[in-house]
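For reference, the structures are reproduced in the following blocks.
Each of the two complexes below includes chain A, the first together with chain B, the second together with chain C.
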Partner chain A sequence: MTNRFQIYVLLVAFALLLILPFIGSRYSVELATQILIFGLLATSLNILVGYLGAASFGHAAFFAIGGYACAYFLTTLGWPLVVSMIGAVLLTALASLVIGFFCVRLNEIYFSMLTLAFSMLVWAVALKWKPVTGGDDGFVGVAVPEYLSNYFTFFLFTLGVVTISMIVLMIIGNSTMGRVFIAIRENQTRASFLGVNVRRMRLIAFVIAGTFAGIAGTLLALYVRGMYPETAFWSQSGHILIMVLLGGMHAFIGPFLGASALTLLEVTIGQYTEYWQVFVGVILVIVVLAAPEGIFGLVRSVTKRLGGQKDDDA
Partner chain B sequence: MFTNPTFMFIQVMNSFALGMNLFIIAAGLTLIFGVLRVVNFAHGAFYMVGAYVLMTMTNLIGDTNTGFFLGVLAAALTMGIIAFFIERFLLSHLYDKEHLLQLLFTFALVLIFKDLVKMIWGPLQHSISYPPAFKGAVDLKISYYPAYMLFLSVVGPVLAIGLWLALEKTRWGRLIRAARLDREMLSALGTDVKLVFSAVFVFGSMLAAMGGALAAPRIAVDPGMDGLIIIDCFIIVIIGGLGSLWGSFVGALILASLTVFGTLIFNEWEIVLVYIMMLTVLLIRPWGLFGHPDEERH
Partner chain C sequence: MANSFKNKLLATTTAMIMTSGAAYAEETIKVGILMPISGGGASYGVPAVDGVKMAVDEINNAGGVDGMKIEYFVRDSQLKPDVAVAAARELITKEGVDVLVGAVSSGATLAISELAKQEQIPLLAPVAKAAALTSTKLHPYIFQLAATTDSEGRQMADVLKTIGAEKVCVSGFDYAYSHDLFESLDKNLPDGIEIVDTFHVKLGTTDYSAVISQLMGSDCDTVAGAVWGGGFIAYMKQAGPFGVFDTKKLVWGAEVGSSEMAGALKGDYPEGMYAAAYDLWYVEGSEAHKEFLANLAVIEGTNETKMYPVTTYIAIQFIAEAVRKAGSSDPKEIAKALVGLSIDTPLGKRTIDPDNHRTNTGEFWGPMVTVSGTEAKQMSPAEYLE
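The block that comes next holds the complex of A and B.
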């Protein structure tokens, strides 16, 4: 699902982002920070959706767990930043192992429903466990360390964390394991005949996806300086899926593209009207019906028609 | 508290009335899933539209019995017409696509309807009065009980029996049951399956709107009311078995009792209990209490 073209796109994007804080406004830098966080989140979900072919409707749960855990470790327990982040990510990995253990037993619509139910459980706990999460009002006032408290350094920090995460995800996607995920997506029965332990591979994919969503969650907690129960609500999971679909789930960079497009779209439309959701909804209907391969699929068909490079995607 | 018979009586009655209101909505969802194999996230949005249409009608006609019951009818009809167009021009193109696309399509409807409702009716919360015929309380000897809740307790079972008879005894019911089992075969036998699908989606959506209209006097009507009802419906149809009518009837009663009694015992943690129950059923019997494993699992 990765080819040379995509790597070039990522390199150009990285270079542009690297110079952005030196030339761009504070607003654009903060917007880019947000895009990076959601781009990583969407890419992590795509391990399940695009590679493994399992439509999780509860990915927001891990985003929220990572964020809340980081906020709690950093603020309530007063741990140092690095320890808090690693602790939060490990906790999210553990949570995705436990939740995944149950979820990978089911397929198709039942998998979607089970992941949805787990994320609503996380939402309910975030809403009710007031001493830890702050309940309805959310976890307000995350103790962001001094050196990350201005938008400039925080952007570079986010860029670093997201870049490393994306590289790791890309390596995983291109590895034998990533190809096994695709084999399971294409034909679960045949994959198992070839000696693949389907359930275990599904669990591994689930944990990878959950863990990287947790990383995105820790960044969100630091960026917003708070965490709110809505982060785990089912509509949030839907939004992550929109990003994946919008960009194109069968390309590694698709979800990142989708996250950027959706965030920019929301911000742009939001300047003119408060009713941006209806626009997103209509665009989503069009994508679902007419372009299920997303933006990247459109780009690919255009380049193909122009006699562009050979398509070497899985 | 639990030894007081009057108190317990009221709690049981409340569970039943709430359960019946939920059943009306969830029945539509389970019917749609059973035939179309589509999990409709927008079902909650349709419920919301129903409540708002009722509000408009009672504002137009006044808080009379006519206003209220015409409102319920208008809610169902309005949603039926909208659902017809959604199914015919959009959803019907997705039946043979992967279920992720279907899920995201219905999620798109959620976003669209949410904003449309805000545009048309505004972001504020509204309360709707009970129809005059069911205002006040009825003396049930053990205790007085709100008439409107009794009304819901009657409507639910009547609707359940009506739906069941319609499914079992009429030609349309037979077609729907056949479409549920084997749509290719039904189509090969000369039935217009597209029409059956269309009818089921329209009818299921009408049930959502009717459930919303009937719930309106009981709850606060606002643009966020679709968010949790859809999860309640999912819980119900999963407990009962996706596609099973009586399953959703029992599921609705279980969820309502758990909500009412769970709140008494576990205070606000009741909501966690509900999700744990949904998870347990999904893990032990994903096809639900009244579903069949071979039929429902892919």
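The block that comes next holds the complex of A and C.
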């Protein structure tokens, strides 16, 4: 799912993002920070949706667990940033393992429904466990270290974390493990006859996806300086799924493109009209109808048509 | 040579003074409005934006604030804290707003308040009631113009005393607002009145059958409620046929005494229920209030105007007066000027308490009764409680 073209796109995007805080306005840097966080979140979900072929409707749960845990460790317990982030990511990985243990036993719609149910359970905990999460008022006032309180340094920090995470995800996607995920997606029965322990591989994919969603959650908690129960709500999971579908789930960079497009659409149209949801809805319908493989699929077919480029996708 | 230099210096200085004067005259006060203008919160957010528009037009048409015009930017906060924060960041970093006004839900307002503190931009909260905003989370840049759960609980206790309640059941959505309100109510109840049962429902639920059965089985003589919005409408429509209102007195917070609620429920609105509202189009108020309602009627296209415009109208009044007092639209100076500031509003004098940044915002309280000539019940007599 990753080809040379996608790597070039990622390298160009990284170079542009690296110089952005030096030449761009504060607003553009803030917007890029949001895109990076949601881009990582969408890419993490694509391990399940694109690689494994399992649509999770509860991915927001891990996003929220990572964020709340980081906020709690950093603010309530007063742990250092690095320890808080690592602790939060480990906790999210553990939560993914426990939740995944039950979810991967099911397939298709049953899998989706169970992930949704667990997500709502996490939402209910966030809502009710007021001493830890702040309840429906949210966890307000995350103690962000002074060196990250500036938008400039926070952007570079986010860029660093997201870049490393994307590289790891790409390596996983291109590894034998990634190929096994795709094999399971294509034909679960055939994969198991080839000796693949399907349930275990599904669980591994689930934990990887949840862990990286947790990393995105820690960044969100630091960026927003708070965490709120809405982050775990099912509509948030739907939002991430839309990003994946919009960008294209059969390409590594597709979800990142989808996250960028959806964030930019929501933000820019919202500045001009109170009916922004109608416009975003219409644009999404057009994109889905005109490009069922998402934005990346559209770009790929256009470039192929123009240049006769050979498709070397897996 | 020396004269030439002096002349140049004089000319340059004069030009600089003139330029800065022109810049001052053209300077605008930029206000960012964060309200839910789509989805479930739109019934609060859209009228609130009407109040902003009205106040800004009035001030700008009268020449602005010391020559400075007010410019406002509306963003949809969607009742979601993270969306509200993202929108607030955009307003600060892209539009360069000097002041923020918003939001509706406590969660979203607390989230923006944190950003306001970080960015040192004043935030005026005209609707959110969470006491935490100006108690545990108080900072120099947050100003709570709405009634708080502390004041609402106190007012509710006064009403319960007036109607002679003894045993009270409380019923609200199971979340912070209801919990804080009934905690305040409990604290303010005089001897002889006690809360005997609590019947909360899930936030946003539409099925009240279970809680209605529980209410009917309770020996309380009065129900104190805090379910709001569409939930209140469903609650009343479902409870009516069971005759709950025939056996128990009703006292309801959450501004369900508004003409919007009365208009939506019409004949299903319980006769004699004591309810609260920020503003009522039919009350006999001051000349300023009459003028406010007349102007609002033009914007809304009806004399039966909504309740929330007055909240944001007052917020803009506060901003204008703070800029006037500070002589600048600098956010830090506006925040300093807001502390202890008093203004005349359509609903009387309002002052921001220098200690906790809350205003003396009251609400109309009274029984909702049938009035000839209209299907919607009206509050009569309506008493303004602080």
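The rule we apply is simple: the second predicted complex is superposed on the first by the 307 of 314 C-alpha atoms of A that agree within 3 Å, B and C clash if a C-alpha of one lies under 4 Å from a C-alpha of the other, contacts with A are read in each partner's own complex, and residues count from 1 in each chain.
What we mean here is this: contacts are C-beta pairs under 8 Å (C-beta built on N, C-alpha and C of every residue); 3 or more make two chains touch, one makes a residue touch a chain.
Not measured: the values here are computed from a predicted model.
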Report clash or fit for the pair chain B and chain C bound to chain A in the combined superposed model. clash
Tell me the contact category for A:Leu127 with respect to chain B and chain C: first, second, both or neither. both
With both complexes overlaid on chain A, does A:Ser112 touch chain B (first), chain C (second), both or neither? first
Answer with first, second, both or neither: which of chain B and chain C does A:Gly141 touch in the superposed model? second
Where does A:Gln277 make contact in the superposed view: on chain B (first), on chain C (second), on both, or on neither? both
Which superposed partner A:Thr231 touches (first chain B, second chain C, both, neither): second
Counting only touches as set out at the top, which of chain B and chain C does A:Ser25 meet: first, second, both, neither? second
In the overlay, work out which of chain B or chain C sits against more residues of chain A. B
Classify the contacts of A:Leu220 with the two partner chains as first (chain B alone), second (chain C alone), both, or neither. second
Pick the chain C stretch that clashes with chain B in the superposition, from 4-12, 22-30, 40-48 or 58-66. 40-48
Is there a shared patch on chain A that both chain B and chain C touch, and which residues make it up? 127, 274-277
Per the touch rule, the chain B residues reaching chain A in their complex are 37, 39, 41, 90, 93-94, 97-101, 103-105, 107-112, 114-116, 118-119, 227, 230-231, 234-235, 238, 242, 268-269, 271-272, 275-276, 278-279, 282-283, 286, 297-298
Report the residues of chain A in contact with chain C in the complex, numbered from low to high. 25-27, 30-31, 34, 127, 135-138, 140-141, 149, 151, 220, 224-226, 228-231, 267, 270-271, 274-277
Complex contact set, residues of chain C against chain A: 37-38, 73-76, 80-82, 85-87, 89-90, 93-94, 106-107, 110-111, 113-115, 118, 130, 132, 137, 175-176, 203
Within the complex, chain B is touched by chain A residues 49, 55, 57, 102, 105-110, 112-114, 116-118, 120-121, 124-125, 127-128, 233-235, 238, 241-242, 245, 274-278, 280-282, 284-285, 288-289, 292
